[in-house]
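Here it is: the structure, laid out below.
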Amino acid sequence: MKREKKMEEYFDRLWPICRSITGNGLRESFNILQELIPLELHEVKSGTEVFDWKVPKEWNIQDAYIITPDGKKIADFSKNNLHVVNYSIPVDKKVEFSELKQHLHFKKELPNAVPYATTYYKEDWGFCIDYNTYKSLLKKGEYRVFIDSTLHDGSLTYGDILLPGENEEEILFTSYLCHPSMANNELSGPLALAFLYNELKNRKDRFYTYRFVLAPETIGAICYLHSNLKQLVSNVIGGYIFTCCGDNGLITFKQSREERSATNRITEHILKHSDDNYNIVPFDPIGSDERQYGSPGVNLPLGTLMRTPFSEYPEYHTSLDNKRLINFEKLSDIVNHCVQFVDAIELNQKYENQIKYGEPFLSKRNLYEDLSTKRSHSETIKIRMRLLNFLDGTKDLLEVCNRYDYSILSVKHEINQLVEHGLLKARD
Amino acid sequence: MKREKKMEEYFDRLWPICRSITGNGLRESFNILQELIPLELHEVKSGTEVFDWKVPKEWNIQDAYIITPDGKKIADFSKNNLHVVNYSIPVDKKVEFSELKQHLHFKKELPNAVPYATTYYKEDWGFCIDYNTYKSLLKKGEYRVFIDSTLHDGSLTYGDILLPGENEEEILFTSYLCHPSMANNELSGPLALAFLYNELKNRKDRFYTYRFVLAPETIGAICYLHSNLKQLVSNVIGGYIFTCCGDNGLITFKQSREERSATNRITEHILKHSDDNYNIVPFDPIGSDERQYGSPGVNLPLGTLMRTPFSEYPEYHTSLDNKRLINFEKLSDIVNHCVQFVDAIELNQKYENQIKYGEPFLSKRNLYEDLSTKRSHSETIKIRMRLLNFLDGTKDLLEVCNRYDYSILSVKHEINQLVEHGLLKARD
Amino acid sequence: MKREKKMEEYFDRLWPICRSITGNGLRESFNILQELIPLELHEVKSGTEVFDWKVPKEWNIQDAYIITPDGKKIADFSKNNLHVVNYSIPVDKKVEFSELKQHLHFKKELPNAVPYATTYYKEDWGFCIDYNTYKSLLKKGEYRVFIDSTLHDGSLTYGDILLPGENEEEILFTSYLCHPSMANNELSGPLALAFLYNELKNRKDRFYTYRFVLAPETIGAICYLHSNLKQLVSNVIGGYIFTCCGDNGLITFKQSREERSATNRITEHILKHSDDNYNIVPFDPIGSDERQYGSPGVNLPLGTLMRTPFSEYPEYHTSLDNKRLINFEKLSDIVNHCVQFVDAIELNQKYENQIKYGEPFLSKRNLYEDLSTKRSHSETIKIRMRLLNFLDGTKDLLEVCNRYDYSILSVKHEINQLVEHGLLKARD
């Protein structure tokens, strides 16, 4: 089955579940994704202190709605799980409109949209409705509000898995899985992650180790860092955070905090040599889990891979961020981009020319034209001579390719040939 | 009284005095300025060797003039002290025009101007007159020349004062006080210095120590460096030389010799965030006391703060550099600029985020929105998150502000708040 | 005699000789050039291993031609030595056209040109003819092919000479002498080298040692490096490889592999301050002996000095690269450029101001205006003050000149004067 088609099937299964940063909706979503990527799941107990934070109580919800004074049911959780403010405490009472109003959220600028709201760290309750509905409400009278939720000492769930390579240095891919029924933000990221795993799992010759992490946003990433800090800081040399990567927009790459990271250099190289337009933006701790992975003491060299950034599409964090925004071919191209990233980072090394004094005698290795009559060398021979000259053990292949505007992936054959002839030495 | 008005009053009192690099006119000027800035005065004896130089004899003058063959008194010192070449030896004799001509100075290109001339280091005498007067002179006959001056083993006077701060690192402000009746060059600099002192003297919380130095140009600065070299080189981390800063021109900032100095970085930042146009020019040892403070072994990180540079206004070093050139509001703005400079350099530190792993949990400190429904964070919260991320102890605040094009002075409140909450640690 | 005229005479004498990378034509050419530059000749035996290469057998040739089926003599070596593929083995037999065709070389795109071909490292034979002749040949019938050449264990010849200076650091100039009758590539380089020697040989006050090397291309340079590697790597701080420098094109400077070398910095400075246009191109190991001198373990700071690069003129490596391409005035200008390069590199030092604190008192040394009335200093005094300020022992003269866009050669007099006055200290 084509990857896009399969992505769409998983999207459709994941869509209706009411996820949060804890709870059974989150676990159910992990279980579905485990069919694609066998994540090992971990549970972190409510109340656990993780750096500056504390894991909140576990939240679960069965139902929620409002009954208007004239008996209509609105804000019905069973129709759209965005109607209830995520992490609302249970409530079942009658309130005057004036009180209800304090708990109603809507967006005047998008009158058909149900906004997405959360109250993870302050006990409160609320409902989200579209502005048109709000306008039609009687502004007086008794409303019944009903939220059948629980908050209890439970745990927060996250998952990870390693694909080992020759080397313990790691490439990390991560996304987050805590949003209820919204599409681009954020089912696109978890799907990209899962399908990328599929592309890499059967490779025999991985040099680097590949780590995949899926957790709830912010608190989940903090929990993950808290449990794995030392290893991550020691080993991770590159990778991506996936977010908002399924819409029709251009690829947007937000750089890692470390400006000269392999992630930045290689991603910019690949995008430059691609046929598509793209945007590159500097690191900024406004956004998603780059706030945690790029916090000052962690500072992992991870870029953020997006299409349209969250702040630039109006449907963000509303019920309008739905399947109509998703282009599964574009989402699949994100996976293709990552495969190129992996190919490039694996190929990129500080190769060392083994013939340091004078140029290598290519003729005796059948790597040269026998009889010279041409006005200039073939492109292949130029590439060979340039790689041999500049790959002196002090520069990586990427730097040499950039000097000549070669795509790093386009010289793979020449590199392999020169290594086979013993002219270049690859890393130990 | 408004600062501009007060500046003008002091200008008017200082204007008529015949100053030089030594002598009683200089002392009298210091005494007037001491009403504004209680400079401690120092005397350096004639003949004292100061680095490559020697302090010259002290010069004083009572009167000087020329009587023409037809009995007219011209070049009358009592009318304009520029008429006598500064440091002229005493003379009282009759000379033929042909001899007199060797001692007459005028400017053809400014026929109404009396030029300013000096002969500090070669014993000589001379008169300066406007070219129109020169043209009207009989080119033969006997002229009486009279200069009632003295050169004796006396001393050179300079003044300084410290405003102590928490730290012994110093900000140095300096100008020079040796020019007779000229306005922009150079009563503007001493006035700016004195009024700046007034703005800083009552501050309770100075982190840096502020040093104010006023001396005759060149030899005075050399004397000052000779007496204070070690302390200045150890302690001075920034500051300004004031010159030609009272005219109507734009602010011109000549960078310190050390290109990445705090002075350069902060001044450029302030000017960029100001509403006015400005010029920035590189360090050049052609000019004023930057030649001494920026000599290779001294190399203090001082910029030169000007409006129109001396080489760019035609009235420079003539009697036309008079009160009509001065705009006291512009001169007062120089003081305002310096106050901003002080505010910025005091605020600029390598703050260190005390929560290194993961972002700080702002909610529990009431530094975050409780309920998240907005599409994006408020500007205040963005500033907080960016400061907390990048202020990791390796970068100063200025660098972080420049990254986001924030005015450093505009984030002062947020910095203070984050310091109070213990999230940022200020310098020890 | 004018240099251009003399260059032309030597050109005419060298032109007809059939040179190769070994053999008597090469030796004869060296002997002629020795009249201008007393190169010491060295012989390296066939079979000698030099780094990754082996010196080939020595090749000599007396005659070569083809007799067509209708009895015409074509490809006559005695008329043009390009007709035989350089390093062809001896052959004397009749062959069918179909076999001959495998050994015929021509250029469709230049139908009047005899191309230049070589087969140094694979035993083979061949002829080069113009395409018009090729088209006129009977495409069947028996052709007699005759090459009266020898390949024997002999030796490869190269030459070098040193002009000693005060210091053992060296400036290296080199070109290559292995091409048969072609003009720009490559009699221009050897001639430039020889005439440059003439300009430098009588200098009394050379600070650096000057090394001149002339060898066959590639294998000759490799032999030279093999015999002199340690000394060259230790001592050479700059210099040029000459190639294709006699045509009418602009000077093209190909940078040394080491980007911040003195060669690059000084050449770019001289070209910028010249009246002519020019091109600067980055190092690239496609070209001439920069492939060897710029191999990773050697990495000598040599630039390549050319006019039109080999790849950019269509006559390259054909019989059309002949005297009509040469402009002896332009070739002579290459020598002039090199003399400027030598003057500049000798002048360029990290001079150190001996008066570090405060500016030097120039008046007492008669280096200043006595009586100051001018609005600004003379250019001479500005230059003095700037040199004294910035030449603090950390920057070389070139850096200071570039700061002010001064030509380094234009400040020579001021530098010498400041050194004589003891204000600047030259290198030990």
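Chains here go by letter, A, B and C, matching the order in which they are written, and residues are numbered from 1 within each.
The working rule: contacts are C-beta pairs under 8 Å (C-beta built on N, C-alpha and C of every residue); 3 or more make two chains touch, one makes a residue touch a chain.
Just so we're clear, the structure is a prediction, and the values are computed from it rather than from any experiment.
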| item | value |
| --- | --- |
| Interface sides of chain B and chain C: same vs different residues, half threshold | different |
| Rotation in the CA alignment of chain A with chain C, degrees, nearest 5 | 120 |
| Whole-Å separation of chain centres (CA-atom averages), chain B against chain C | 56 |
| Numbers and ranges of chain C residues touching at least 2 other chains | none |
| Footprint of chain A on chain C - complex, ascending | 50-54, 85, 105, 115-119, 121-122, 124, 126, 128, 218, 221-222, 225-226, 229, 257, 282, 284-286, 291-292, 294-298, 310-311, 314, 316-317 |
| Contacting residues of chain C [partner chain B, same complex] | 353, 355-361, 363-364, 370-373, 375-377, 382, 385-386, 388-390, 392-393, 403 |
